[in-house]
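The structures considered in this document are given below.
Consider the two complexes below, in which chain A is the common component and chain B and chain C are the respective partners.
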Partner chain A sequence: MDHFARLGLPAALDLEAASLDRAYFALQRQWHPDRFVAKPPEERARASIEAAALNDAYRTLKDPLSRAVYLAELKGVELPGDGKTIDDPDLLMEAMEAREELHEAPSSEAIDGLAAKARNEMNKAMADLGSLFLANDKSAIRKTLLRLRYLDKFAEEARARRMNIERSRA
Partner chain B sequence: MAYSEKLIDHYENPRNIGSLDKNAEDVGTGLVGAPACGDVMKLQIKVGPDGLIEDAKFKTFGCGSAIASSSLVTEWVKGKTIDEAETIKNTDIARHLALPPVKIHCSVLAEDAIKAAIADYRAKAQKEEPKEAAE
Partner chain C sequence: MTLLEIHEPGETPLPHAGEGSLAVGIDLGTTNSVVAIARESVPAALHDELGKALVPSVVAYPAAGGVLVGDEARQVAAAEPKNVVSSIKRLMGRGAGDVHAVAGVLPYEIEPGTGETDMVKLRIGGKARSPVEISAEILKALRQRAEEALEKPVERAVITVPAYFDDAARTATRDAARVAGLEVLRLVNEPTAAALAYGLDKGSEGLYAVYDLGGGTFDFSVLRLEKGVFQVLATGGDTALGGDDLDRAIAERMLAERKRDGLADQVDEAAVKTALALARHMKEQLSDRDQTSGRLEIAGTPSFHALTKSEFDAMADALVERTLGIARHVLDDAGMTAAEVQGVVLVGGSTRVPLVRTKVAGMIGKPPLTDIDPDEVVALGAALQAEALTGGGDTLLLDVTPLSLGLETMGGIVEKIVPRNTPIPVQLAQDFTTYQDGQSAMAIHVVQGEREMVADCRSLARFELLGIPPMTAGAARIRVTFAVDADGLLTVSAEERTTGIAQRIEVKPSYGLSHEDMADMLYDSMDHAEADMTLRLLTEARVEARRSLLALEAALAKDGSLLSGEERTAIDEARATVEAAMAGESRDEINAAAEALETLSKPFAERRMDRGIREALSGLSVGELENRVGE
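Right after this comes the complex of A and B.
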């Protein structure tokens, strides 16, 4: 069973956070270990397997990027896993230049500006994904997701640098 | 997690950080990334007229093991021919730095980066030859 089906939701890129939460919490109650303490061991084991699978589904679908990656995999788009490298020059040059810019950013304000730019790029790319999924354009989906991974990493690094600056000020 | 002294040394005092002119005829540039962890690595070699790698530079945005792996590779390739440099294996890098299993992929990135730099240098050298012959 895929993560969407487990939560009783349509396999879609756009998922309202509220309906995802509602589906998750209802099922979580249903499979909660407290309800199975007095049950036979097989049933207890089943409940704990269900609860774990449910948590996994929720974690995967809650974050829009991880949801998009998962949906792409369901559609047969393969993304490089751990230890796999890519050599797409446009994507990597963009990522390298952005990280250099971040590394050299002189102030928190400058970092915030770069982070805002990256967020904007992420929103645009996420919006593009919607139509790429509709068109089932696998190679463009793959490319866009890889770019989103790098933009996401950039946002994470920007937050880390921001914290370092604030810490050194305090 | 305990890291080896060699790894920490390369991380804290990375060798050969920087850039070479990527448009120069005698410079090969390898740009590779590991999207799963968001690392990006640039490794460049400058090949002298005698066919030996006379300079190597890198720039890596990634974890400490990725930085140490690329630093080590730039140190290893200097003075080697490109054929020799091409034989560097990620397992040699991982062993030398005693990378923990979860960081082996960082050495894969460094091996791919040097291979890509060599391929770029060879592609440039090949493009040069027919042009010279036509002149």
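Right after this comes the complex of A and C.
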């Protein structure tokens, strides 16, 4: 059973956070191991497996990027594993320049600015994904997802860097 | 023994008659522990005869023999410092290697010969003892307090742990409960328990934070509440940061002042413990006044020390700032800002320090929630959850993993399998492959932590997957599965999938109890079995006698008129005898007195029964009577 089906939701890129939460909470009320404390071991084991699968589904679908990657994989788009080298020359160039900018950023405000720019780019790319999925353009989906993954990682790096700066100041 | 009893329909004169064994909530704290019970969603901490709820988490193995816990253990500290352990929670699940790092901070003698990766053992009272054994003594004392207060056997508990406790520490906590004869219904994270105690699940919706600064640990958690669901969004903390650090700072200051004044002290363990006790007292005084002073006596030489609130605040400032830094990090993890937090709950005795309250209020921009005693709030929440788990409640706790879990890959790099703040229970798998042609084994090294390099993370377990059939490099598919259960405990398994020959190894992390350790401990508890059994039988005899007295009292209040003056006097005398025997230590005396009372009150019970029947039959017509008999 795929993650969407497990939560009783349509397999779509757009998913309202509130409806995902609602579906997840309702099913966890049914399957969480706390509901099975006094039950026989087989039932407890079953509940634990169900609850774990629900958590996996929730965690995968909650974050828009991980949801998009998952949906793409369901549709047969093959993505390289996380942390593999980038095979798109344009993206490689963009990444190198951005990283350089980040390392030269003088203040946490400057870093916040770079992170905001990355988030903005992410929002644009996410918006593009919708029509690409509609057109089922697998190679464009792949290209966009790889770029999104990179941008996400960049935002994370910016965050870590800002925290480092704050820590060394304190 | 049973007295003949007649109850009004629907009226049960004895409290909790018919209930089985009870489930309690236990806050097993670094400095203090508390046991509590909830009935119909109303939690209450269980007090001792003096009305104290806090049991100092101190265990003594006095030279005279036996084991003391709490205030009694603390009293031994001055005379026999080597036989007393406090703050043992800091060592739960720690390896000897970890403890060398804090040596000098903790006045413990580490058992020599403990390997770096084994669970640490301390040399206390001339014997090697593990943190699990020592914690089990605290749990036994709490269990006994609960059984005496509730007059019922207590065999099940919800025990709280810091959200930041790693897998080894959780396993150690469960093991300690097992040694103490308690079935753990669930390990619940302390912040979650605190939020439960505040009833934040009822009606409150939105984002809440829990700031928990105890004696030895700090935790900060962000929870989202929605219609009875507690969802922990992110949690973080430091297992070696707490109010004890403040005591130490004050104590060091006093010792430095003595040195400055030319006192040549031999600062031995007893002196350190005396200075720490005074420091704690001074710290507590500064919670509601601007200055304090203390008299410290070491080896017969007294000295006097003054401390103002602003001096103390200056000492505490760095510590509080560190906690706020962690708090900001956790908020960031949750993708939230301080302004979005609707309320912050304060937990732990150290949150009584005014500077803590001011600074937390400053960060969140709202006054913190402090209505419930910060020392009891966690145990109260645990008790509510214990009741919910045994009686069925509607609240749902959705907890997360506090730290990332992963594997060592080539070059000592960590591959994270379960990222931190993943909701639990969870089962996640990742495929790995072989590195060399014909490789027949794969080493699997499980680590916990946020750093990228294995060397910077905490090693949890190592095992080897053997018998991989010969294949070219990269052809094998080895699936490694991490399963974290609802208590936050991890199991790792691995199997080779291409050949259909499934290899499967389950591993429990190191630092938990090895089977030998467990056997030793059980053996050790057998050594004490006789004393334990005697105490248990005595407690049971007291409980039974109390029950009979209560039943008889209820009967006398209702039908006392059935007795002649003489009979009444005889029964009252027998009751007094039972009371006196209960105050003593002899089980046989209690049982004999109780039996004498039963024999004496038997005619009374029979008369009450007759009256009950007469009353039931009076006023009935013959026809009605026949109907009744026919029923």
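Basically, the second predicted complex is superposed on the first by the 165 of 170 C-alpha atoms of A that agree within 3 Å, B and C clash if a C-alpha of one lies under 4 Å from a C-alpha of the other, contacts with A are read in each partner's own complex, and residues count from 1 in each chain.
Please note the rule applied: a residue touches a chain if its C-beta (ideal position, glycine included) is under 8 Å from a C-beta of that chain, and two chains touch if they have at least 3 such contacts.
The structure presented is a predicted model; accordingly, all values stated were derived computationally and were not measured.
In the overlay built on the shared chain, the residue A:D21 is in contact with chain C alone; chain B does not reach it. When both complexes are overlaid on chain A, the residue A:R159 reaches chain C alone and has no touch with chain B.
Of the two partner chains, chain B is the only one that A:L92 touches; chain C does not reach it. In the superposition on chain A, A:R149 makes contact with chain B only, not with chain C.
Of the two partner chains, chain C is the only one touched by A:R29; chain B is not.
Legend: residue contacts after superposition of the two complexes on their common chain; A:A52 is shown touching chain C, with no touch to chain B.
Once the two complexes are laid over each other on the shared chain, residue contacts for A:A38 go to chain C alone; chain B is not touched. Contacts from chain A toward chain B in the complex involve residues 79-89, 91-93, 95-96, 99-100, 103, 146, 149-150, 152-154, 156-157. Listed in rising order, the residues of chain B touching chain A in the complex are 30-38, 40, 42, 59, 61, 104-105, 108-109, 112, 116.
Contact residues on chain C toward chain A in their complex (touch as defined above): 185-186, 226-227, 229, 321, 325, 329, 332, 388-390, 396-398, 422-428, 483, 485-486.
Across the interface of their complex, chain C is touched by residues 21, 25, 28-29, 32-34, 37-38, 48-49, 51-53, 55-56, 58-59, 159, 163, 166-167, 170 of chain A.
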